[in-house]
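Note that chain A is present in both complexes that follow, paired respectively with chain B and with chain C.
Entry: the complex of A and B
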């Protein structure tokens, strides 16, 4: 039944994944090195992890990063969802397309430019660089992503669904909460997780707008790496990688369970 | 209390600078009847439905519901419910919650909701399907859920927007019967939109035939089939032979180079007209005894009858439905009764047309 893929295709796939994952595993491997460098493996140790967990400054930075990511993802999801609904409601196709174009420009424009322009904006507006400036800029660059994730789901929704809800007596608020939002929930989740990951690993924008001792992981790792190689970073990277893998697995199970719910009815 | 539930007064609908969708339409709809809006796509029939439901606003004219003007009343405050062409069932809710949607909006108590939903589902023979997801239902079942969702709110009028067009032929026939039956049992007004003339003839108490934003003719299925007002209606409803002719005088019409006795009157002498003869009213006889003589050009077997096409010596094409066989190339005669000829005047308004037809029956009464 299923076509067997050729051995070359498999080999190609293997090489690609090897190239992509090898550096990460190399990094993780040396986080257990007692030698202190990444040139020769001397012995197994968990010292670097101990050091990492005793470094409260670093832990606070991790916490900062997570708080920024969660908050910015949450707020940008709310704004982005309403933005997407607004774009859909637009009467003229041309306005819709131009707004969508503006939205997409923000996604493809280099982070450096966005970061620099935020820096100029914040200094001109007199906003102190730190937690709020980072949060604001993260929200700003996440909104277009959320819009992009939610809009296809909205567009796929038949307009007669909304008519039907009105027809059955629903007010505009009812239509929003009982029809539109439940329908686009998968898109909202996708948008939220996208915004979360974008915020977690953003370096360029954060680098520009952070200040007053406030720092996030990516910026911190960058400055640590500049000071010289310490296997601290390896340990930290290994932990982040682990968390990422766990998140991916969790996401996979959630989406599989959501898919299963429908199948349950079928089986009965 | 009058029997009129919906009334349109000179309603026009136009989007921006596009041509008008509805052109100065007026009609009345009576309580408890099954109405069909029939016409080709783009004729404005769905627009009428959307105006009644409140999804769109009239450019000019008044719409009355129960003698109250409802032009500015939003859709969610109107006592009508719609069954949509694509059913518009909510995919995130199961069958029960879909049907219960309107009741939940009204904040009805759980017990009442349950009783009403069960009753509505039993009306459409879907008891036991409450917990099913919409995606696990077949097309016909979804159709029934959509109908249950509309009737559970006990509206005065149910609007149906081509609800059967997505079903296969057999299921469509079955649903036609069920819908008609349901309407009789509930006793509420159904307004049904379709482009399928057969569907309209089978189900309706009253048909409005629409074309290009105007109502061409309204009447019972039999009226419309037997006495079409103009070429469009004759052509759209059923199959017909339409031939140009001249009304020589009352009860005498000329077409195909011959004069025939007919039952129409009240037109000007020698007025150019068109005549309609339905294919099933033409009978095949021998060439010599035929009132019309045609040469058979094609024959199709349709199961119930043969569909025979032929040309007379004037070049008019004649379509005949007959259980008798013919051969291509045969010369055959056609026989028909005076009643089979239906005369249509050019550009006659519906009022004039009705008046003319009415005068016939008065004439008959006088004659007796």
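Entry: the complex of A and C
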């Protein structure tokens, strides 16, 4: 597809990009409005940011969200990587496919069903709704995406690499840490990042399993937005946008570096 | 022998995850769907589901999901096509994906402001001389915001399909005298149908089960299957009925996946 782009195509793309980004910049723009509404810009102010940083409750919620995201991404990456290694070592193709089928159930399931079924699960198991139920659910729905990110890297790895390591006298632990893990590092990073964004972005599942005392950012924004507009949310979204852009740049560089690495990179 | 033991050790946490968080939840949902509101075993939920209220809701939920998917596809396909023709296309693609990383709730919240009575959309309508309209809490706003949210997920698989298209095929079609439109209809589109299918799959299923947009943007005017499940679980506490709807949603999900299932051709 290497044809030249026409003016019409450029206009079309321009409109798409405009529509995609306009709401985000609209939010950020009005976070500086002294008027207190999201219409009619009255004057420049940083009051909403000040209010945001003095709102300890909201800051604790932000902290909760970040802690949940980091912990769940870390734990799900560990479980997912070992799961993927296990799947690769399965001898029969049929077993592999059925495990992968089960793996993908949570990826294609709508959030509402994941949330509702986890709510039943936690109630039956007697786990109190709060931090741990949210953490467990986030780990649970992040594992399959980690497996999907890591497995292709494992599959493209030549089995003779492992045999060679064994022949040279490497222990299983050495094979794992010196051969397998370095080879699949780009996949592990990609999986970790995906798990992180899944967790930060999740609303529906958390909404079901969060109970009364504990809240994450999404759930909090939902209850604030149902009450109407308050410009601290705008200020918060401006900050979140900044953090997202930084994460994207980091991710872009990691994937670029991964692409350039001889061993771990794309080899066809 | 040793191989097998270590493999099993690797697999223990992952296997536990499959048992407790994949299989058990589905079984529990099915189990609860057979319980009435007092917790007795009965088929009353299934009887209720086949009354006109729930069937109508299912139909309208389908209709909205179809509308959202169709519009997303109509916008996403040309976008993906034009993107593949730009310089630095990976960078542009990344810029398409960035908004999907912004929290969903914040985007919905932005539209509450934009579509509000004094918001930007109404200012624009005033400027055009149409005068301000009720935009928030209508079907239009619901479909618009849903399409807005799903569009990156539709563009991505189509873009990948277009990228893996062999460009010499286009030259061949051109040499054989096919017009641009014929080339698109007979060559490009059929070869990228897998991308279209997986795009539709990742939009249609979530669109069936949206629930927070129906509350924030559609003001409870639209009730999807997702909204009904949320309502039963968290408001009326009738978990049995909620589970029954969830069972049907799971069935619908499997039907759609098998319909749009991607069979890799060739290698």
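Descriptive notes on the structure:
Here, the second predicted complex is superposed on the first by the 247 of 268 C-alpha atoms of A that agree within 3 Å, B and C clash if a C-alpha of one lies under 4 Å from a C-alpha of the other, contacts with A are read in each partner's own complex, and residues count from 1 in each chain.
Everything that follows uses one rule, which is that a contact is a pair of C-beta atoms (placed from the backbone, for glycine too) under 8 Å apart; a residue touches a chain by one contact, two chains touch by 3 or more.
Quick caveat: nothing in here was measured; it's all calculated off a predicted structure.
Contact with neither chain B nor chain C is seen for A:242 once the two complexes are overlaid on the shared chain.
Contacts of A:59 after superposition: neither chain B nor chain C is touched.
When the shared chain is aligned, chain C comes close enough to touch A:226, but chain B does not.
By the touch criterion stated above, A:171 is placed in contact with chain B alone, chain C being left untouched.
By the touch criterion stated above, A:158 is placed in contact with chain B alone, chain C being left untouched.
Touch criterion met: A:197 reaches chain C, while chain B stays clear of it. Looking at the superposed arrangement, the partner reaching more residues of chain A, out of chain B and chain C, is C. Chain A contributes residues 1-5, 9-10, 12-13, 16-17, 19-24, 26-27, 30, 37-40, 78-80, 82-83, 85-86, 89-90, 99, 102-103, 105-106, 108-121, 124, 140, 143, 147, 172, 197, 200-201, 203-204, 207-208, 217-218, 221-222, 225-226, 229, 233, 237, 240-241, 244-245, 247-248, 252 to its touches with chain C in the complex. Those residues of chain A that touch chain B in the shared complex are 158, 160-161, 163-171, 174, 178-179, 182-183, 185, 262, 265-266. Here chain B touches chain A in the complex through residues 53-55, 74-77, 80-82, 84-86, 88-94, 101-102, 105-106, 131-133, 135-136, 149, 153, going by the rule given at the top. Those residues of chain C that touch chain A in the complex are listed here as 2-3, 6-8, 10-11, 13-14, 17-18, 20-26, 28-29, 32, 75, 78-79, 81-86, 92, 94-96, 98-99, 101-114, 116, 118-120, 123, 148, 151-152, 162-163, 165, 167, 170, 201, 205-206, 208-209, 211-212, 215-216, 225-226, 229-230, 233-234, 239, 242-243, 246, 249-250, 253, 257.
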